[in-house]
Every structure is written in structure tokens, then in C-alpha cells.
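There are two complexes below, and they share chain A, which is joined by chain B in the first and by chain C in the second.
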Partner chain A sequence: MGMMGWRQKARIFPRRCIIFTGLIALLIVLFTLSLCLGDFPVTLMQVLAALIGRGDETVAMVILEWRLPRSGVAILMGAALGMSGAIFQSLFRNPLGSPDIIGFDAGAFTGATLALLAGYGFIGRMAGALGAGALTSVAVYALAWKNGVQGMRLILTGIGLGQLLAAVGQWLLLSAEPETAVSVSVWAIGTLNGVETHQFFVTLGFAVVLVPVGIAQTRALRQLELGDDVAQASGLAVERARRRLVVTGGALAALSTAVVGPIAFVALIAPQQARLFMHGSGVSPAAAGLVGAALLSSADIAAQHLFGETQVPVGTVMLCLGGVWLLWMLSAWKTG
Partner chain B sequence: MSGRLQIDKLILGYRQRTILRDVSTIIPDARFTAIVGANGCGKSSLLRAIVNLVPLAGGAIRLDGGAVSTMRPRDLARRIALLPQSPITPDGIIVRELVARGRFAWQARYFRDSGADAKVIDEALELTGMTLLSEAPLSELSGGQRQRAWISMVLAQQTPILLLDEPTSFLDIAHQVELMELLVFLRSIGKTIIAVLHDINQASRYADHLIALGDGGLAASGAPQEIVDASFIHRLFGLECVVIPDPVAGSPMAVASSRIIEKGAI
Partner chain C sequence: MSARQIVALWVGIVTVVFLAVGSLFVGRSGLPAGDVIDAIVGGAGRDADTVLGLRMPRMLLAILAGLGLGVSGALMQLLTRNPIADPGLLGANAGAAMAVILGFVAFGIEQTWQQVGLAFAGAGTTSLLVHALAARVAASPARLVLVGVAVSSVFGGISSIVLTRDAELARSILGWAAGSFIIVDVSILYTVAPLIVLGVVMAFSLRASLDGMALGDDVARSIGVDVRRARLLAHLFIAALAGAATAGAGPIAFVGLVVPHMVRLVLGQSAMVLLVGSAVFGPVLTLLSDMAARLLLPHGELAVGLVTSAIGAAFLILLVRGRVRLWV
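Our next item is the complex of A and B:
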């Protein structure tokens, strides 16, 4: 019996270990690649030297001050979006329940736009996005409340409120000064162009707090997937757990919107792909985070280097990728 | 009659509508109790109230003397487990994974899968005969197997008391018998079973104790042999019938004598 239990366990858990290791390895490769590529080509050895504080100063500056913040932010924000998507999709038992669809991004975007129009810089934008994102989560939750909160009601409320906020955002843009409007528009697609060192550190600080908080709630998420009755009867304080998850997922989504703008599709695709890789049930926030990080890093490498001289916003690349991915999923779903 | 679970002057209802009033009863320990009654009489509500899923409008449900309504979900889940009528099966979940979720109340808050858990999960699978199917996705199992997987999950919760809401409702007759025998077996190893059953003959045959709900309250309670007769069935379901001994088990068995449900029935 014990033997058999062990063997059965062995089949599923090593698979997960292998996939986690593989994803981490992929991330390291993507990260290194993004540090090497560019107008000023750098070798792997130079990258390693710069990372440990050795080597030529000019090369170190290119790597540490120009490229590292951007690559780091791509990984952190990809992870944040993937985790946020995993939390919301699982909470709503619906792949469409990702934060970009249910209005959190729109809320954060409106807040950030207001901050930018008022003339605030990066910190103001962060504060605006986080504050408005949180407010939107609370509003969606409160509006959807009816003796507890149900998945579909939350999604529809979120879509409705999200559209409303998007309209407000557009209206703000139209009434803004042309130069501000242009810069806000580029940011509105989602871009990693011109990410600076201090932005990387601020992002890192938030991620260091939010990512473990998200991962720690994996088990609550698993119980909620069994339905509220079973979750509660198996020992989870359902409403409290759900509130905590909504706040964490909302904060992760708002954080990424604040830093890089509302990048579409990462939060939708990463959890679904992670689930395909992992087998078994449910979307693990950790796995979705890793897939999200790999996805956004790849997309940003493509955005920087695939289009020659033109620097394409990473949000545009993600829009194309996402569209193709959706069509592919739909055709697989139809035939499968 | 000793019972850790006691229901005292319970009132259940939403706003103006009272579902059950003044229900007082004791659930006998290590026995199989069936809650029976007509559709919509409050059977499921009573079951859900026991695990604190429904707010009480009055009275109390006590477990070992303490009010269930004041217990933390985690503490309650270590003593009472619930299998609802149609629980949600997460996409792609395999049997073992589902059963492991029954360990939630026993695990440290942020860690999981200790060796002890694995042993309990193995035992829960063994008890329901699901060991060989433990790696199978739930979606590929038959209705009977799926139900046994769910029962393994509540067994992994290691509670002395098990609540089941109409556990046979989606099963064919052979699987219904199999499941009822599983419940009788679980009682024989010391579990207190409380199941909502809609089939009164099934309840009479397999349960030791009946709680009959009707007319917005407790209609009767006791051993099937003592309380099930034609007037009991008529009072509960408004159906004319003849009650004869079950040819196999000897328990009371109702056979309808009139196909017309009388007006003014409960």
C-alpha cells in the first residue's frame, strides 16, 4: 500500500518538478538573452562579469543601467500578470475571468491617466493606478454582492464597470494636451520602452511582497474550486478567503498596469498555458507566474529586436500573440 | 441515546418565510441517520445548517455541547464533513488530488502534503475501493465511481460525523445499492452518518434512525421499524400506500396503493 501510494504520487509530482525547473531555466535563458541582445552586442561572459560587478565599465553600464531594468521589469510584471490571472480565473471558474477582462486594468489605467494628466511622474502614476485599481476591485465586489458573490455576476459587473472606466479614460485623453495624450496613448497599449533603474527597484519591492502573498493563497484557491459549500465545510472561511484573493489579485494586476500600462492577454494566456503544461487540475499561481514571466520576456525581446529600427510597444506584440492564441484555442476546442 | 450532535429548538428560514421551526432532536452517535420528507421540506437546509452554511433564525445546533454557529470553519471541519448533492468537480482533477483536498482542515496554513496526509489519503481511497483508480481523472469515471471518489474526499477529512445530501440521486439502482452498503460499512467502523435520502424505502432499509420532516417541522424521529407505517407515509407525502416488510431485509417498505395524490397534502 505504502509502496503503491509512493509510486502513484511519483507519477504526477516529478512531472511538476520537471516543468517548474524547465520554466525557471527558460526564464534564465530569456533574461540572459535580453541582456546580450541590442545595438551594442555583449557576450555572455561580459554579462556574467557585469552582474558580479566586474568587467569593463561602459559594458557594465549598458547591461546594468539600460538593459537590466527593462528585462527585470518584464519578468516581474509578466509574473504578476500571470499570477493575477490564475487567481481570478480560478476564483470565477472561468478563463475569461482574467483581470484585463473584468475591469481592474481599466480602473488602474484611469487612475494612472488622471495622475499623468495632473502632471505627476512615475510615483504618482503608481499611486494613481494602485489606488484606482483597488477602488475598482472594491466597487466591482460591492456591486456584484448579493448574499455572497458569484463568479458570473462578478465577471459581468467587472466587464460593465471596465467598459465605463475605459470610456472615462478615452474622454480624459481627448481633453488632454496633445503631447501628454500621445505619451499616455503609447503607455495605454503597454510598453517597456524607457524603463529606468528606480522603476525596476520600486517594482521589485512590490513584487517581493505580493508574489509570496499570492503563492501563499494557492491552497485557499484550490478549496474554492470545489464550490463554496465544500470549501467552507472542509475548513475554509470562504468569504474572507475570497476577499483576500480579490485584493491580492487586484493589487498584482494594478501594479503591472501602473508600471508598464495595461498589457493585454498575459493574464489570460499564462494561466491557461500553465494548466496545459502541468496536467491535473486548477491553475497554480506560481506556475502561471513563471509562464507569464517567460511570455512577457519573450514578447519584449521580440518587440525590441524583431522589427529592425522600430521599437514596437510590447503591448502591441502581446495583442497580436493573444489574437493568434485565442484563434488557436478556439479551433483546438472545436475539433477536440 | 447518546449523541454528540444535538439540535435544540431550531428555526430555519429567510426573512418572512420559515422553512423549519422548533426542531429538537439528538443524532445518535455511530449510527446511520436518514433525513426524510417531501420535496422542499427543508431536508437539505437542515443538513447545511449543521455545518454552519445556513444562518439560524433561532435555536441552536450543538456539537459536544458547543454551538456550531460560533465555531471556526477549521475546527468544525475536523469533526463534521459534508458532501453536497452536486459538488463542483474542478476541470481535469484526478481522484487522488480530489481526496487530498479533504486534508485542508488538518494542514498547516501554508504548507501541505506531509507524509501523514499521504497515509490518510491512501486509507480513504482503500475504504471506498478507489485505490486502483486513484490516478484517473474524475471526468473519466462512471457516476458510481465518481461518487465514491467524493466520499473518499470527505473520509480524508477524518471526521467522526459525515453528512451526505442525497448521495444516490444521480446513480442507477446497482450503484445506489453499492453506495448504501458503503455507508452502512462506514457506520460499522464507527462513523456517524447523516444522509438526506428521498427514497423512503431505501432509508428504512439501510438507516438505523430516521428524522422525518414535514409541515414545517419535525414530523417524527426514531427507528424505521417503529415509525414507518401507512399513516406516517400519508402524513409525510400525502400518499395512500400499503406498508409491507421488505422481502429481503424485513424493514418497512411502502408500496403506493393510490396513484392520485390527495388535495391538501403536505
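Our next item is the complex of A and C:
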């Protein structure tokens, strides 16, 4: 910031404010929309009445107990994934260094399937997903390490190991009961179907702690982006800062995987999109969190209402969206 | 071809025959070798059902899939001048799977030939799409793979959307989705075989054009190669080979990556050598993987897709770490 003249500052600051305000407004619109839409149509006034504790009891139940937890979890998870992506992309200094590309999702899928086949319940499945996801990310990173980690090597290693784990998961599913197999494969794509009130509160509890912790490390992230030497010179304890960032980013990714399954592409798209909006060089966790929340909310609205009577897992919508986005991004990287 | 290449290819052919016969003797039911020979020679009796009805078709499908995946991988690598081109990584599997799943849901297809036809169309469309997009986007081998990942994501997402709306179908394709040479319906063999054999034979007709194109499109044109036509035909053959293999055996990853690559390293890189070599060593890899799938576990079986993925992942990692030489 110090090197930046006041003129540039003056130009960038309003832009940043406008974009943050815009994103928050967009989130509020999406949130309200997701509360209104559904088989049981509710008007905007009814939503507001229910939120402040008035209005018809049936309507209040539909909104507060059925729709609110799901909409809330979508926003919180989107924010967690976006922030986690911002942290890892910065650490790897590579836009593709997000948890889904480096094998976290594939590992989580295998871990969850293993836990399920071993007969563990919901908690065991989460623990399996988190453990295996973290282990896979470490393995990908270690296998790609050769005098440092180069971007494309990391990505191809991640793709290779991801394919292998997907094959392991598919094979494990064969020995499961057909019913379980189908439900695991739905979870493996990531879904918000059937999110309940207590899950919302658990998520909220974690998010209240983790999100500020993530935002508080924005400055360290900026310093690390300049390179280790410069960061050290500017007074940052590099290794400690990096460890703290890895733990925060990992915890954010793990939280969302544990609650809704490994949803692809949010952690990849949100920070990049935020960076485009901001016209900046670095990825800001706060902006990435807002974009991630908006992204996952809109994807979930689509997953609930775009496909007729059946609700599809939000992960499938993200796969389609994300694939198209990646293609668009690849062509942009070529020219830009 | 040099004497060394010819010897290597003959060794490969003998290995295929040896493995093919050997695979009849290996299996979960643990039949004694004598009974297997009786069943093959006599063609009747209690064990004939196991050997001729289960193991023989399985062996034939392994060979066909090896041919299809190996040769389509070779075509892809020649066509893109890219060492990590593979029908699986570049989306052909996902495209074939999506086409078959949509066919089930939209038209209620049941006939085997309809499934194979759709897989062919799906693989072909995807192969063309990925290459058209890559021409605009990809400057490096890794980017081409990312285009494949992106397209696979979209098609995989669409397949999943369809499958969540149809749990019955989702259950019924679990076995296929893991990748396997176990045959439920023998008619799949009669449908897949002509397509793959034809695809392999036709692929050889392109060898001169592909050799020219290896030097760059401009050089190829200057020596009289119709580049557009050759490229279109190559995609058609890739679609037939990869689509039929996927329709028969499910998504078997990495065979099309590993086999042509090894052939190039050991035998040389002319199109003729690469195509023949991949046609010979593709079945070697699939037969070996299938035997490993049957033998590695004390009880039960691995899916063959898992074995080839393990081999392929290890290979890809060695490749990007520079242990195996990249050709470009």
C-alpha cells in the first residue's frame, strides 16, 4: 500500500466499497429469494414477518424450519469454501491450487465411503472424509515436490491421484448395499438436501470463529504473495504465518466437506472471480467469501427449482457451472 | 520396421496369447487346471459354463478393450502431439457415459447395439469438442488435460443430475461405472467387436498422414496430406474405439495414456510402430490388469478400472516428476 500513490488509492477504494456493497446486496436478494421459492409459495412480506417472529404459524414453520437452515448453510458453506480457496491459491501462488484440484475432494469421498462401509454413522463419515481428504492433499503435495512445487506438476499429480481415488471409491461402492451406495454417491457430489436446523447452528458456530480468523490473516497473505524474502524483510515470521494459514484454510474446507460433502469448484471459482471484480493482483479472503456465498446460494436455488419435482444435489449444478467456467477461464488466461 | 521392433512386437503377440490362455485358468472358483482343459477341449460338462460362459467372454472383452483404448490413445497422442493425451482424461469416457445414460432416460433404449451406438456418438462428439476447444485454449499439454477435466465435469454433472432423478438406473449402472470386464450379456461382445476391429484396421490407413502431421500441419500440407480430412477421420476412429470400449467395459482409465507412451519410449515414434505397438501391448496391459484384479485380494475381486487407475496414476506422477521422459 505504501508504494501506491494517493491518486490510485482514491480510484481503488470506492471501487472496492461499491463491490463489497453490491455483493452483500446480492446475497440478501438471493437469501430472500431462496426463502420465498418452493412448493409452498410465500410472499416477501410473509418472509419478513416470519423472520421477526410474527405472522402465520404454518408459514413461519416452512420458512424458519425448512428453508432457513438450508439457505443459511448454503451461504456459510459458500463463504467457507471461497475463503479456503483464496488462502490456498495464494499460498500455492497458483489459481488452480484450490482444495478440489489438489485432491481433497477425492480423498474425502474415499474416506467417507470407507467409514460408511465400516458401519460408522454420520460422525464417523465426517471424520473419515476429513482425515482422508487431508491425507490426500498432503500426499499430492509431497509427490509433486521436487525442489519446490511447480503449478502444472501439482495439478497433474492431483488429477492422477484423484482418478485413482475415484476408482477406489467406485469399487468400494460395489460392495455396499445398493441403497447405501446411491446415497453415498449423492453425498460424494455434495448436497444441501435435507439440511436440518441443528446442522445450521453447528455450521454457524464454526463459521463465527473461522471466518474472522481467516479475514484477520489477509495481511500476512498479501505479504507472502510478494515472496518469502520480501515477507521476511517486512517483519513477518514466514513459516509460522504459513502454518497458521494452512490450518485455517484446511479447517474451512474441512468444515464444509463435513457438513455438505465435497462440493467442487466453489473454492476454485470464488477467489478468481473476486479478483476479477476487484481488479487487484491478490486474492482477498473476504471478497472470495462473499462471492463463494453468492455462488453456492444461486447454485442451490437452481438445484432446488430448475429440475422439476426432484431436487438434485447442488454439487451436480456446480460441476456443470464449474466446467463451463474453467473453459472460459482457460481461454482468458491464454489471452490475458 | 527394424529387426528389433519386429522381435519386440512378436514377443508382445506371444505374450497376449499366453496371457489370454492363462486367464482362462485363473478365477475365484479355483478350478483345477485339468478341469479347465477338459472344458475347453470337450466344451461340455459342469465346468464348461464357468470357463466358456464366464472366463472366455471376459478374456475377449479385455482384449477388445485393450485394443480399443490402446489404439485410440495412440491416435490421440499422434493427433495432438501431446504425451498426456488419453481418451479418459480428455473426456471421451464421460461423453460416452452421458450419451448412454441420456439414451436410457429419454428413449428407454434397451438393445445393446443402441447403447454402443450412443457411446460411439457421445465419445465422438466429446473428442471433437475437446479438440476444438483446445485449439483455442490450450498451449501446453497440461492445459489440454484441463480442458478435458472441464468438459468431463460438465458431462459428469449432467449424468449425475439424470441419475439422481432415476435411482433405479443409478443402481443398475454401479458395476459398469467402476470399470469391469465381467460380462452380463454376451451380446455386448458381438456389438463391440466389429466396431473395434474396424476402428483398428482403419486407423492404419492414416499412418502416412499422421507421420506427416507429426512434423506440423504446414509441413504435412506441403507433402500433400489433407490435414482436415485426416484429422476428422482420426476423431471418427477414436470415437469408435474409445466409445465401444467404454460401452463394453465402463470407464477404464489410463490404458490409452500408458501404452502408447511406453511403446514410444521403447520402440520408436513412427505412426506405424506406435499403432501396431499399442494394438499389441494394449491387450497385454488389460489382460494383466484383469488377472491382477482377480488375484490380488484373498476374497472377492478388485475392479479392473481400479487396477489400471493405480498403474496410470503412478505412471503420470513419474512422468510429471521427470522420471519418464516426456516427448514433445
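What we mean here is this: the second predicted complex is superposed on the first by the 254 of 336 C-alpha atoms of A that agree within 3 Å, B and C clash if a C-alpha of one lies under 4 Å from a C-alpha of the other, contacts with A are read in each partner's own complex, and residues count from 1 in each chain.
The definition used in the following text is that contacts are C-beta pairs under 8 Å (C-beta built on N, C-alpha and C of every residue); 3 or more make two chains touch, one makes a residue touch a chain.
Treat the numbers as computed from the prediction; the structure is a model and nothing was measured.
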item: First (chain B), second (chain C), both or neither touched by A:Met61; value: neither
item: Touched partner set for A:Cys320, first chain B, second chain C, both or neither; value: second
item: First, second, both or neither for A:Ala25, with chain B first and chain C second; value: neither
item: Partner chain in contact with A:Trp171 - chain B first, chain C second, else both or neither; value: second
item: First (chain B), second (chain C), both or neither touched by A:Ala237; value: first
item: First, second, both or neither for A:Leu204, with chain B first and chain C second; value: neither
item: Which superposed partner A:Gly227 touches (first chain B, second chain C, both, neither); value: first
item: Chain B versus chain C as contact partner of A:Arg275, first or second or both or neither; value: first
item: Partner contacting more residues of chain A (chain B vs chain C); value: C
item: Common interface positions of chain A, toward chain B and toward chain C; value: none
item: For the chain B and chain A complex, residues of the former touching the latter; value: 48, 51-53, 72-74, 76-78, 80-84, 87-88, 90-94, 96-97, 101-102, 104-105, 107, 110, 112, 118-119, 121-122, 126, 131, 134-135, 157, 163
item: Interface residues, chain A side, partner chain C - complex; value: 96, 143-144, 146, 152-153, 155-157, 159-161, 163-164, 166-168, 170-171, 173-175, 178, 181-182, 185-186, 189, 264-265, 307, 310, 312-313, 315-320, 322-324, 326-327, 330-331, 334
item: Chain A - residues contacting chain B, complex; value: 1-2, 4-6, 8-9, 11-12, 93, 216, 219, 222-223, 225-227, 229-230, 232-238, 275, 279-282
item: Chain C residues touching chain A - in the complex, by the definition given at the top; value: 84, 88-89, 133, 136-140, 142-143, 145-147, 149-158, 160-161, 164-165, 167, 170-171, 174-175, 177-179, 253-254, 300, 302-303, 305-306, 309-310, 312-313, 316-317, 319-322
